[in-house]
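Labels run A, B, C, D, E and F following the written order; every chain starts at residue 1.
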Amino acid sequence: MKPTRTSPRDPPLILAFGAHPDDIEFGCGGVIARETLAGNAAHFVVCSRGEAGTHGSPAQRSTEAKRSAARLGATLEFLDLGGDACIEVRRAHVVKLAGLIRRVRAPIVLAPTPVENQHPDHTALGRMVREAARLARYGGVQALRRWPAHAIDQLLFYAITVEAEPVGVPPVLIDVSAPRIHRAWREAMAAHASQARTRHYLELQEARARVQGQRSGKTLAIALYPNDPLVFSSLTALGRAARHF
Amino acid sequence: MKPTRTSPRDPPLILAFGAHPDDIEFGCGGVIARETLAGNAAHFVVCSRGEAGTHGSPAQRSTEAKRSAARLGATLEFLDLGGDACIEVRRAHVVKLAGLIRRVRAPIVLAPTPVENQHPDHTALGRMVREAARLARYGGVQALRRWPAHAIDQLLFYAITVEAEPVGVPPVLIDVSAPRIHRAWREAMAAHASQARTRHYLELQEARARVQGQRSGKTLAIALYPNDPLVFSSLTALGRAARHF
Amino acid sequence: MKPTRTSPRDPPLILAFGAHPDDIEFGCGGVIARETLAGNAAHFVVCSRGEAGTHGSPAQRSTEAKRSAARLGATLEFLDLGGDACIEVRRAHVVKLAGLIRRVRAPIVLAPTPVENQHPDHTALGRMVREAARLARYGGVQALRRWPAHAIDQLLFYAITVEAEPVGVPPVLIDVSAPRIHRAWREAMAAHASQARTRHYLELQEARARVQGQRSGKTLAIALYPNDPLVFSSLTALGRAARHF
Amino acid sequence: MKPTRTSPRDPPLILAFGAHPDDIEFGCGGVIARETLAGNAAHFVVCSRGEAGTHGSPAQRSTEAKRSAARLGATLEFLDLGGDACIEVRRAHVVKLAGLIRRVRAPIVLAPTPVENQHPDHTALGRMVREAARLARYGGVQALRRWPAHAIDQLLFYAITVEAEPVGVPPVLIDVSAPRIHRAWREAMAAHASQARTRHYLELQEARARVQGQRSGKTLAIALYPNDPLVFSSLTALGRAARHF
Amino acid sequence: MKPTRTSPRDPPLILAFGAHPDDIEFGCGGVIARETLAGNAAHFVVCSRGEAGTHGSPAQRSTEAKRSAARLGATLEFLDLGGDACIEVRRAHVVKLAGLIRRVRAPIVLAPTPVENQHPDHTALGRMVREAARLARYGGVQALRRWPAHAIDQLLFYAITVEAEPVGVPPVLIDVSAPRIHRAWREAMAAHASQARTRHYLELQEARARVQGQRSGKTLAIALYPNDPLVFSSLTALGRAARHF
Amino acid sequence: MKPTRTSPRDPPLILAFGAHPDDIEFGCGGVIARETLAGNAAHFVVCSRGEAGTHGSPAQRSTEAKRSAARLGATLEFLDLGGDACIEVRRAHVVKLAGLIRRVRAPIVLAPTPVENQHPDHTALGRMVREAARLARYGGVQALRRWPAHAIDQLLFYAITVEAEPVGVPPVLIDVSAPRIHRAWREAMAAHASQARTRHYLELQEARARVQGQRSGKTLAIALYPNDPLVFSSLTALGRAARHF
């Protein structure tokens, strides 16, 4: 796998935020693999070391996260927002996240859905990334003066569990059926080995992707939830919708 | 305006259904203009002659519809589903509509939203077109044996009034800001001259397009509601979302 | 498999309605297997012969439906409601269905969800079974005088596709993880052999059951949607909810 | 009334959280009475002394709460989360609540609904109990090391007002029609005597229970809102649904 | 009670539609009483004779309906739409209803909510009255040429059961606390004596009105659901909202 | 324009809260103009100086806000809640806002909608004003002892963008078509001259008002979202609903 390297002048396509070391991989790892395998760069920001989890020390979890990101061809950094199970919606955190968005300058931002009935770190991070994407493009925010304002193109949410899927919001489906995409995704999830529950989670994610794939005539697809309406200049850009069986 | 002519072998890009002579123009005429001006063909199916309206005879209404379609570079035919204010959801109508979808073979189908609290002809037609798009691809329907099965790519709904907009369903926005698109749309709406209320309607539609345009950094945009989730093979196909102000 | 035989005096536990020969098996076959394997009887009412499908003659489809029901230990009858792809909501059909509910006298009735954006036969049947369950317990309906009124205990909807799942309505999940339940379900689905698409459907249903199972700590679970709030006399009857991961 | 006493080894069936001294009684007192009268223990955690209320001193309110809990056969403790009208969603509070859930080890937890448009203390407490129930079962939370992890069976929300009822979420209804249950509930509500508005509230709660009862063929029923889908191993466990009139 | 008599030149304030002989009284009888006691005329249109009910012959039911309407000071007529339990959505029925709306010319129209999960006659009638109110103001409908077009001011829906209340739609609440209003309403409901279930229904309606009353600082209030947004020329017309407790 | 002056004894009709210097004008300035032109007083509370905006210094923004309020005939004060882009939901802020509500004693309170997907300052302020309106009428809140409790009549939300409109909640529409109302509103918006984006915003607001006006047979109308159900003592108070075209 040879993803195109990015230079400081050349921002990655994707900036993905995760609350815990394995969230990005489990929630949308296949989408990442699809883009990096096509030569588009991705950068991960992991906002805890999973220190509240039942299994795996913070050190182990961090190592696993790095390996997993490497398998997906993504770069990774950690960001401290108070620690696992302790991420609260704080304006100071939002400013940190906005600074990061300005620094990385990716057009596409991925974050966990801000749906309430799931791990509260996910909800809090999803909300804060949305607020940060807004702050990142306001010119007058003193605390962000260090970087020029940056307006992203798309904020897309990923859901790690069924409960985290926004009710009544139709997703866009990203085709991840290609075997080498599937393989990269599986291996990235499996890289989180300390997690006794990983096998279980891995199967849940594959079953979810299979459901989304089957409904759209593919083998595997991942659902993402756009924060804003999509804008097109022609109907020809819409492609083929998921067919209903 | 020189839209590319289609031959019988070369199906149009768009097949648009309207319950009344002016519905397509008022609901999504700008989208039609945008595509025909780019050389994509469009075909209109108008399912009544507006005979229940307060103003304009059926003959006048038909003439206006033809002129308006011509202004948009679209072809037009009438289909009888029981008459204005009398369109009921009937399986026999669905079969007629499915036959038409098979005959025309356009990849993109436009219809009024099936939302309940609007003119009941719109609701009934929206529902029946959805059912027809499904029947059109089933191989075993005896009544449709005359044409080979046809699976459309996209079913998109347009809303003629605020009430007809589906609640909680995010639209896709189609940019119709270009002056010659805007002009074609205005003139197509104005072609429905018998309608005393036309001026009024025309302003409503422009104000609605202005709201959708402003929210997405354009001058004018028209909201369409996809029946099924959109499927993409890469995030790069999503373009730039509507930004929030 | 030895399901307890029912006598005319002894109504089955379950009366399941399907619009097409394979709907019950694909939508909730695992639930049926679970009950019949425990000795509870089930009766299927199939409301078309699948004559609009792309593959399989009506005769083949009927034979497959009988074999599949037999594999699940269920009895089966066909009911004519106008034919495949032609089931409309008609009061005369509702009366037929209500008569059947009175005749069979099962406490639990299963039907497809009445959600709009799916095969219209499913929507129509789901609505009509709901109306029929109501008529079945009204004393004064002349057309139903032949059988005494019958009030069912539960009307539960099953969804054959993702689109058919009611938005925002939490399901009850029925555990179908036991290998012999799983085997009976698979074989019942596979009995619909004429359907080229069966393999595909079968995988979709298993992936859906895997998602529902994984979220609740089981291997496989099927989601059913109660028409009415559940009533309990003690909190101890609620058991263990699906845990969120 | 002789509820079964619990020993430290024998956790109560129910752990109920209230933001103010009378919330549990008014929101779900009948359900508590139903269980304690059947010999199941219940423990109340009241998170303020009602010190912002128009009537009644904190001391009076505390005494009333104790008497009311005693009437219901429940034990009670107070928990300080910042004071009446001052309960904010704070991770430190969540940890406190999670510790309490681990200490008490009840399988069933009751809390106010986390719906927004009601007394903000209710919203905040409902959200925090949900988060706490999650933390309580994570093995690695340092601040909770004192008690072993505990996974609850059910988190059920109660609504004190019409506004607090979650929109579109079907409740489970608990039958509280038995005269001695009704009497215990009434007397527990009446025990909050300092509240000039009590009479009023009491009537509101009885009217709400009467509505839920009438719709399900009972005299009185209380609606509870499960946080997670219910999981059953057989349809026979569902009992009889609320019938519609 | 001395309601102001209306002459043919002087249309009543209210035109209320009911599917069965007791629907109007049970769903919104208090609102009717409130207006007729203030001298505003009301006219009832009852669309069946209750011939499918468990108790009461059509003749008895008709007599009771007349007595009940008289008690409320309303005039009454019957309209045949196919019979009890047989009301289907038909364009021919809509035309009949629209004709009636034109003939009566009341500014305010009341009808059962068009919510799906209730007695199907209610759903069908609610939908058809909505369509009829629209047809009534279109100038060109041939079948309605006999009467001049009429645009109503308000279409308000009433709900006879909890299930019939539209989900997520805030009602307007009409205060019916005054003892003589309450008395008239009770007696009108009680006039439907043949119905064994009447006592039960009566209590359900009073409990529902008590809940709506209590939440808004009144004794009794009835919830109505406007079909369209209310338009005001000043905020001072809004009065006092329901306060939340 | 000569709005009636209020004395300390004579509270204004309206108390309007805005997060930024131009929010009230853009969100509901026409409604304010309508009332002040009729002689009803209005008071604005602006909760930041717009210091995070891309254009305009805090000093300029403050001056513009004062001029704009003056043009609308409203008085104005600033309230510090942490600064532009830094308004968090804090109980201390809620107490401040409640104190202000008690001090001003207006029956009608206006605030931004608490919808999530918009500028987070708007969401936070909308939520806090709702909580403050509640606290303002509780007798026992120590921190508010300085002023007597005050129960408002109406809490109405205004939306500054399409995204801020609550999904599925029908608005009340206030007619602002009169030319002098329109002129006052336009000029008040234009008074925020430092904002490069003002022209753009101004057009967005006018287009939104035109859409709401057109749907209700007016030229211009502004949508407000009541927090609580409206209560009326007669149907005659409802006036004429928005007609659907």
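Keep this in mind: a contact is a pair of C-beta atoms (placed from the backbone, for glycine too) under 8 Å apart; a residue touches a chain by one contact, two chains touch by 3 or more.
Not measured: the values here are computed from a predicted model.
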E-F compared against B-C, more contacting pairs: E-F
Same or different contact residues where subunit E meets its copy subunit B, judged by the half mark: different
Whole-Å separation of chain centres (CA-atom averages), subunit D against subunit F: 37
Where subunit A and subunit E are represented by their mean Cα positions, the distance between them in whole Å: 52
Subunit B and subunit F, separation of their C-alpha mean positions in angstrom: 38
Where subunit A touches two or more other chains, by residue: 117, 119, 134, 163, 168, 227-228, 244
Every chain pair in contact, whichever chains are involved: A-B, A-C, A-D, A-F, B-C, B-E, B-F, C-D, C-E, D-E, D-F, E-F
Contact footprint of subunit E on subunit C as seen in their complex: 89-91, 94, 114, 127, 130-131, 134-135, 138-142, 149, 227-228
Sites on subunit E touched by subunit D in the complex: 117-119, 160-163, 167-168, 197, 200-201, 203-204, 207-208, 210-212, 214-215, 244-245
Touching residues (chain side subunit D, partner subunit F) in the complex: 50-55, 82, 84-86, 88, 116-117, 119-120, 163
Residues on subunit B engaged by subunit A in the complex (per definition of touch): 13-14, 31, 34-35, 38, 40, 108, 134, 151, 153-156, 168-175, 216, 218, 221, 223, 226-244
